[in-house]
Amino acid sequence: MIVSKVPSPSRVVRAIWKPLTVLFVWDVIVTITYYVLPFSAPELPVTLFGTVLGLFLGFRSNSAYQRWWEGRGLWGLMINASRNIARAARNFMPDPEATELKRQIVYRQIAYVNALRCQLRRLPQDEEVLRLLPKHEKDLALQRVNVANGILDGTGRRIDEARRNGWIDTIQQAQMEAVLVDIANSQGGMERLKNTPLPFQYRFLPMLFTHLFCVLLPIGLVETLQFATPLGSTIAGLMFLAVLTIGDDLVDPFANDIHDLPLNAMCRTIEIDLLQAIGEKAPEALGPDKHGILW
Amino acid sequence: MIVSKVPSPSRVVRAIWKPLTVLFVWDVIVTITYYVLPFSAPELPVTLFGTVLGLFLGFRSNSAYQRWWEGRGLWGLMINASRNIARAARNFMPDPEATELKRQIVYRQIAYVNALRCQLRRLPQDEEVLRLLPKHEKDLALQRVNVANGILDGTGRRIDEARRNGWIDTIQQAQMEAVLVDIANSQGGMERLKNTPLPFQYRFLPMLFTHLFCVLLPIGLVETLQFATPLGSTIAGLMFLAVLTIGDDLVDPFANDIHDLPLNAMCRTIEIDLLQAIGEKAPEALGPDKHGILW
Amino acid sequence: MIVSKVPSPSRVVRAIWKPLTVLFVWDVIVTITYYVLPFSAPELPVTLFGTVLGLFLGFRSNSAYQRWWEGRGLWGLMINASRNIARAARNFMPDPEATELKRQIVYRQIAYVNALRCQLRRLPQDEEVLRLLPKHEKDLALQRVNVANGILDGTGRRIDEARRNGWIDTIQQAQMEAVLVDIANSQGGMERLKNTPLPFQYRFLPMLFTHLFCVLLPIGLVETLQFATPLGSTIAGLMFLAVLTIGDDLVDPFANDIHDLPLNAMCRTIEIDLLQAIGEKAPEALGPDKHGILW
Amino acid sequence: MIVSKVPSPSRVVRAIWKPLTVLFVWDVIVTITYYVLPFSAPELPVTLFGTVLGLFLGFRSNSAYQRWWEGRGLWGLMINASRNIARAARNFMPDPEATELKRQIVYRQIAYVNALRCQLRRLPQDEEVLRLLPKHEKDLALQRVNVANGILDGTGRRIDEARRNGWIDTIQQAQMEAVLVDIANSQGGMERLKNTPLPFQYRFLPMLFTHLFCVLLPIGLVETLQFATPLGSTIAGLMFLAVLTIGDDLVDPFANDIHDLPLNAMCRTIEIDLLQAIGEKAPEALGPDKHGILW
Amino acid sequence: MIVSKVPSPSRVVRAIWKPLTVLFVWDVIVTITYYVLPFSAPELPVTLFGTVLGLFLGFRSNSAYQRWWEGRGLWGLMINASRNIARAARNFMPDPEATELKRQIVYRQIAYVNALRCQLRRLPQDEEVLRLLPKHEKDLALQRVNVANGILDGTGRRIDEARRNGWIDTIQQAQMEAVLVDIANSQGGMERLKNTPLPFQYRFLPMLFTHLFCVLLPIGLVETLQFATPLGSTIAGLMFLAVLTIGDDLVDPFANDIHDLPLNAMCRTIEIDLLQAIGEKAPEALGPDKHGILW
């Protein structure tokens, strides 16, 4: 996620030089053709086309934004639920009998969110996940297709262990199980976003129509704009392309891209909160890197 | 659900050659008539018509998309609830007394989601459903009008059996019953989407108006576009038809069509998660077929 | 609710012949006047008016559709809750002591949804409601202003009876009471939709502005469209009237009209599900009548 | 809330004669100036201005409508919760020991909703509130800044009294406390709507821009509409003013105005439901007054 | 939050004199250039640009408003939950044994909301937070990265203390823990809004496009508006800038700005409600300052 206020110029240049050049060259070709070989092309269809396309792209960016925001909301719920499970574990269970179990539950939760982060970003399970799990747990969880799910199942067993030891009763267990349900629901929601792209029509048609529009635009404008066509047409074309790109950037909020949600930073936030909740030393929060990107 | 990034050309050709031909022929007829028998047709009404129709189609695609996304969300909830019921069963009930019952609950849930899939797609209950149920259960469930519902009722009875055996207490039963309520609510939401089409007006009028618009379009444009009419008018017409088609494709997310939700794949995901949760061997996940379609 | 794919021609004719005639006659009058007594009327204000009106009508249809869909969602919740109360009753309570009580709870729920249906449609309580209630219950419930509410209160007493008999404990009672809360909330939501029309401004102004627009339309178009005015203006006018009508049709989803929700069919669905859940013989599902309408 | 289908003419005249006169006089002045002292004023900026203003006003009416509908939804939840607390009290607590306490809980809830109504409408606590509370309760509650909140706190103590008497156990108390949480949440939501107007920008700018637009409109139209300007411009101006007014009317749904929610009628509905639930005689429902307004 | 109905003129002047001057000077320069060195610049691209930009800005203001309203909703939930925790504490726990503990829970909740307020506004923890906590608590909480979270954890421990003392049972504890979950969820939602700005594209591109539009506007209008260009173009430009600014003002509802949510006033509301709930003397409510701003 980009947190800097202004874009780095080099990133802007890298992002737009290609479409800019293509658009400009095409607009110049059309303008020259018009002066060499005058043709008559009314602007009305371009206006009509542009309006409908604007509505279409607007709807698509809107959907993409909502997916991005829903993804953020689901990670927010995950942060809340992580705090809730830690608070419940710490307060419900007696010391010193259950101290070690509490630590395990908290460690497991930190491992869980990191495992989920790796799964969502399609990365292999990294050191953040493995370091907090005991060896045999690690092996067991890694055998599951859905590693995060395996870790969560194990947390449920730890809680039941506390009940069998008489440290909590079934009501307190039910309360903690309800938090596990919240966690499982957040995870499910994230997997839904990850595994379900926008419908094919919303991926392919806007791209097709926008490019078609950029091709037709100078033809429709040249009679009116004359030699100013390359300028006017390129600016308008870039604007439409920018709106198209916004949709692509936001639609998959769990990819590993500069526009995506800062899962690393959020996992660290959870780690700090949870370790401090059981009185352990916590690492530093993650800040944006030197390019102003929070990962 | 189409997961490939670009459309297969053959699918595109099959999808558009008919409307393309009809539109083009009509546009050519209008253009020829105009040159043979000049008439004066101002473009204003076409613009006004096009704008209002654009708003109308936009609203309709939007509603259709929301139905599709709601359908996906409901299956997401079903996946979550399936994991929750399995985790609760495994953790709450004691081993080895309840081991067989846990297996039954998990098997029933896999049978349940497959039964629901068949019902939603209006297919007969297939082998996936039947193989995991004991013989007499199968017969009992198949007598119900709503087979999935019958299987769920039976799961509730299994849970009560565990309570009567003293394996869980009523609080744990209540916790598990709450998950059954989540499952029943998801099912009910899916049946609502399946059984309630868009209101008649949103099915019939956009189709009528779009076709009418395609008929009027070349008449309104021919004076301006002259001999370029067939090209301009056909492109614009196809665009409106495309938006109309999107609505039709997404409105029933549980049909058995290439644009619909990949229920097979999601049922398989549930099967894998649940079997691994009780330590059994799970089948492979389903991937897209060779045409890039996930069913 | 209309379930047929194409509209019956007779229904279409009946629905549009009146506005069609009025619009057409007025458009012809304006056109003739123009040829007899030429006047100059620019089209711009009509375009501006049309755009703003389009936005206004669009918003209103949208709100009406959302009310309709919310109504459907609330009945969906009612179906789910009915299944949940039946499943809980059947599974929590012991046989054979509580068999008769279970039957009563299921019968009451069927009576309840039918009573609610009659209340929402402003019909007198019909035979469907009364046949399943014992005589003295019937009299008691019918004395209440809100009959459905009275039946629900009685169901709550039956559940408490089961608790006092020691058939269920207070946890199971709480679980069932939570389902009654769901039922009461659905009912309350339906009554809210029924008793709260759209704000006056959204009922009156769109009607006023649309009719004003239909009057002004031919005056604004005649200079451009010439003798084609009656055709063009009538089509455009009908389109705006159609959008206006959609709003009126959907805004009260619980009326007893062809566009409204099929409450009869949904009550029957509940009846079938619930009777089969306790192993009794269920009636047939209701299908659309010969005009393709599901009531 | 206006429930009559057509507006009373006198109300319409009273509502629009002032803006109508002002608009018309200004439009006539502009037209006369134009004929006396011709000036050239192209219509384009007016169209552009009108479109953007239309979007702006559209968004604002939409927000206002959503606030109004949310307010209605919150009162709907209050009605449901009132029924739920009464049903729970009646069913959970034993007769005849708890009969008096049940009556108190029901009376308190009726007093509570009336107190809330007075608070939201910024009226002093009226007789409806006070008559149902015992003398010392009245004094205690009236000392609180938030009277309704004080009454609710007292209801919670009554429920705890029942628990201390052994009439209900803590599970049943928790179930009733959950309903109190619903009630407190509804109240909080209503206070949020009441105390948070639309952001300043959405209150001031639309008013400013709409009036500016009404001033500019005849100047932009006079060249095209000529002597028809006063008519065309006044109609268009009134339409924009109407949309502006809708926003103002709906934005505060708890004021004491003809467009606001019928809190009196809804409090009476609750009173009838609750008194009948404990078998007491209930007053009549409130209907609209002779002007077709439901208060 | 501005609560006054009309803006203070000095604030308006301060807000707009800079853009007003810049726009006007530029518009005059363009107009003079046009008269000195006539050029031909058609208005079409400006219209097309303006429409697309209008949609874009509209979407952005909409999103910003929704964030603002969500932020208000989350504080509303916090107010409700604060009342719920106080009511539960007061009613569930016995007097006089638990009187001191109840007071602590209420004081902690007041400290908690004030700590959260400081965190969200990026202010150091102020006197409001510290005065209500005992010395050692203060030190403990201030060591946490997330101070509010630390206070909440401590409240959970107080509640468990009540359970260990036998003052409440685990069911009542679970009920109170559920309120703590509500509180943690509200806090998490607020932190989500605070830490997640709008995506970069929605922050940077609207600003860029709006400024570009203001530059191009007089060039496109000058041929039509002639010497009225500076007036027309400045008004239109200001309007677009106003809409741009709305987005910036609302997008971060927890900043310490005149447009942001009145967290001080809401914390005070909670303090009054909670102190009165345990019968202590409460301070006065906070009103708007002399500029009509509620902080």
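Each chain carries a letter (A, B, C, D and E) given by its place in the written order, and its residues are counted from 1.
Here, a residue touches a chain if its C-beta (ideal position, glycine included) is under 8 Å from a C-beta of that chain, and two chains touch if they have at least 3 such contacts.
Remember, predicted model here, so these are calculated numbers, not experimental data.
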**Prompt:** Which chains make contact with subunit C and with subunit E at once?
**Reply:** D
**Centre-to-centre distance between subunit E and subunit A (centres being mean Cα positions), rounded to whole Å** = 24
**Prompt:** If you average the CA atoms of subunit B and of subunit E, how far apart do the two points sit, in angstrom?
**Reply:** 39
**Prompt:** What residues in subunit D touch two or more of the other chains?
**Reply:** 47, 51, 55, 171, 174
**Message:** With touching defined as stated, please give the ring order of all chains, subunit A first and subunit B second.
**Reply:** A, B, C, D, E
**Message:** Under the definition above, what is the set of subunit A residues touching subunit B in their complex?
**Reply:** 40-42, 44-45, 48-49, 51-52, 55-56, 59, 63, 143-146, 149-150, 152-153, 156-157, 159-160, 170-171, 173-174, 177-178, 180-181, 184-185, 187-189, 191-192, 196-197, 199-205, 209, 212
**Message:** Show me the residue ranges of subunit B that touch subunit A in the complex, using the header's touch definition.
**Reply:** 1-3, 5-7, 43, 47, 50-51, 54-55, 58, 61-62, 65, 68, 72-73, 76-77, 79-80, 83-84, 87-88, 90-92, 169, 171-172, 174-175, 179, 221, 224-226, 228, 232, 235-236, 239-240, 242-243, 245-246, 249-250, 259, 272-273, 276-277, 282, 285
